[in-house]
Amino acid sequence: MPKILITRRERFAASHRLARADWSDARNLEVFGKCSNPNGHGHNYELWVTVKGEQDLGTSFVTDLSRLSRLINERVIQHLDHKNIDVDVPFMRGKLSSTENLAVAIWHELEAPIKALGCALHGVKVQETENNSVEYHGE
Amino acid sequence: MPKILITRRERFAASHRLARADWSDARNLEVFGKCSNPNGHGHNYELWVTVKGEQDLGTSFVTDLSRLSRLINERVIQHLDHKNIDVDVPFMRGKLSSTENLAVAIWHELEAPIKALGCALHGVKVQETENNSVEYHGE
Amino acid sequence: MPKILITRRERFAASHRLARADWSDARNLEVFGKCSNPNGHGHNYELWVTVKGEQDLGTSFVTDLSRLSRLINERVIQHLDHKNIDVDVPFMRGKLSSTENLAVAIWHELEAPIKALGCALHGVKVQETENNSVEYHGE
Amino acid sequence: MPKILITRRERFAASHRLARADWSDARNLEVFGKCSNPNGHGHNYELWVTVKGEQDLGTSFVTDLSRLSRLINERVIQHLDHKNIDVDVPFMRGKLSSTENLAVAIWHELEAPIKALGCALHGVKVQETENNSVEYHGE
Amino acid sequence: MPKILITRRERFAASHRLARADWSDARNLEVFGKCSNPNGHGHNYELWVTVKGEQDLGTSFVTDLSRLSRLINERVIQHLDHKNIDVDVPFMRGKLSSTENLAVAIWHELEAPIKALGCALHGVKVQETENNSVEYHGE
Amino acid sequence: MPKILITRRERFAASHRLARADWSDARNLEVFGKCSNPNGHGHNYELWVTVKGEQDLGTSFVTDLSRLSRLINERVIQHLDHKNIDVDVPFMRGKLSSTENLAVAIWHELEAPIKALGCALHGVKVQETENNSVEYHGE
């Protein structure tokens, strides 16, 4: 059976600030620059979730995309969209809200439920701006 | 002499929250929905500034685009980029951070200095998400 | 009070075929080319609805964008999305499914209910492919 | 010799409907939702074909892109563009017109002729909407 | 009869250099900056041609888009695509290859033949980079 | 420690011509077509540089993106932007200015300095037009 990748894009608008509580404001500013401005900023994040699997004999789908979309919304988007990543998001608690940490945390939120759909999470890509993005493949 | 429009795109990443201080949290939430979530959210805003004028006989330019870009950055972008619109931005003080108010405020920041370049501000367009945008033409 | 334009993008995926019932297949093919292929084809249409008005003193909005989106979905998108424009769409009955006719018909579906929101429909833009689009301003 | 990937994008506008002939309309609707609406719908599909190979010593090309484009058009695009995938497309006969099946079928149409150009087909990506896409790498 | 706007996008890849023959290299560099670098540079230009008119009673088209595309290609694109604007393009001879001059010159190439199609040229927009564009409406 | 990919996009506008000095103009034209037009042409190139590594324990970054951007600008973009690739670019000297050669040359410019940042260059993607791109992964 062929192994196929399917990708679903979702979006969320969120605010955040890069700053370690155990560093001074001066050090945070030196290391994180404008991303550490005291009152935060925000982004329209784009998220691509890629799933790998074989086709279902009945539907020819790797997985039903509307079900996949619903799952991503329940596990990830509803916690992030129109939220402050540093304050509101359970799976980001205690972590710097860097795009790296977001991508890894989203991977861990999705890995098990996507397995339960009968396929495998292949990649999570988070784009913070049109120039910057991060991908995680579970390695 | 032909009248020509030139448009410069700039971008800023900012956080904000829609909420009136003279309304209860409940009323803010009822009217503004998720845009009123207590800890704010954010966007990658895109800004298009359109200028109208005649061509300079020497350069054939309506206006020098790098000068126009510098002006937009000094007057607008540096105040908004990686900032919290509700707290950090002088020209938004005391105003709801709606896209409508942003577009009108940016118009007023740019109108005079663009006139000083020898041309006329024609339009300000602010895009908040890929689905929503606001334009103001000074009417 | 300033007059401001706000634009909402919506999307629909639909099939259609350009062919007049009162023309022969040969003539349809000669005039409409591949757009007249007998079994139809389809597009991911993009629709931009632009509304003009003054700001509400309470919200600073020209109109609430989620209400505008709901209105466009009820009046237009639900009739077109995942449909055959030539067969399924009440407001396109008896008309060629050209992008021109779509834009004008969508204008007529939206003009009155947008007036009822307290603002004015300013423009309807329908993009059929990345290279082709049509705009109607009610002239 | 370095191994390089080159990618060519092509586009096609097509209609289709997801429905199994051996299922009732009710079951098709339950499983495929709006994609099973009786009169079909359509998309502007985007296709990215990625080829892998070494550079030609004379031209420095992995393969001539205008030749690759011609090949993709002859083998794939001319059969799909402005067509009904369920009725008109030889290589989709008897298959559900899911994006998964499209990507695999296009792979099989292109694998041999691209080998004949002296390089290897590396991936076929089909995007159905701005939110959904499928990739096949011949695994 | 309603007045409708239709827009066709075309593209061309061209090289150019901003420099006046009657100015020294030093002055050109001072005024035009990196756009005056001695060996030139280039862009993927995008061109949107907007035409205004009433619908044909037979086809419902303002004008046939494939005919409009052919006209734009014959009059404009074939002279610019994969060319050096400063050397190769008849309608740019003796002019600085600024985006302003390009937009006005393209307007003059297209105005009469579009009138001959039975509609009116409404606007020419030339985008030089994702951040810079110029529009001319014949004023 | 998880292995993460981060990607930075940069852009450059450059001119070039495909032509071998040891071939006649006629042969160059036959092989390279319009890309060999005598006075050259140009593109808005887009460059994606992908870096792979583990997260820094202090910042959670794979590498600081503004530092990565500065490095790409110093080593690559400043040599290519608003330049003629065939004449002005040290690392393209003596090579055909094909997208394949560009991608491989950019890889070699970036491999060592990115290693010095403590991570590994994973991929270089160069997009010449919206339809054509080349990727190199150092194989």
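Chains here go by letter, A, B, C, D, E and F, matching the order in which they are written, and residues are numbered from 1 within each.
Assume a residue touches a chain if its C-beta (ideal position, glycine included) is under 8 Å from a C-beta of that chain, and two chains touch if they have at least 3 such contacts.
From a predicted model like this one, the values you see are computed outputs, not experimental measurements.
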| Hey, which chain ends up farthest from chain F, C-alpha centres compared? | C
| For the sequence-identical pair chain A and chain F, what is the superposition rotation angle on Cα atoms, to the nearest 5 degrees? | 120
| remark: If chain centres are mean C-alpha positions, then the most distant from chain A is chain E
| Which of these pairs, A-B, B-E or E-F, matches B-C in more than half of the residue pairs in contact? | B-E
| request: List the centre-to-centre spacing of chain C and chain E in whole Å, with centres computed as mean CA coordinates. | output: 28
| How many angstrom between the C-alpha centroids of chain D and chain B? | 42
| query | Among the residues of chain D, which are close enough to touch at least two other chains? | reply | 130
| task | Give the pairs of chains that touch; include all such pairs. | result | A-B, A-D, A-F, B-C, B-E, C-D, C-E, D-F, E-F
| said: Residue numbers of chain E touching chain B in their complex, please. | reply: 20, 31-33, 95-96, 98-101, 103-104, 130-139
| request: Could you pull out which chain A residues touch chain B in their complex? | output: 11, 13-16, 34-35, 37, 39-44, 81-84, 87-88, 129-130
| request: Would you mind writing out the residues of chain E in touch with chain C in their complex? | output: 2-10, 50, 55, 58-62, 65-66, 69
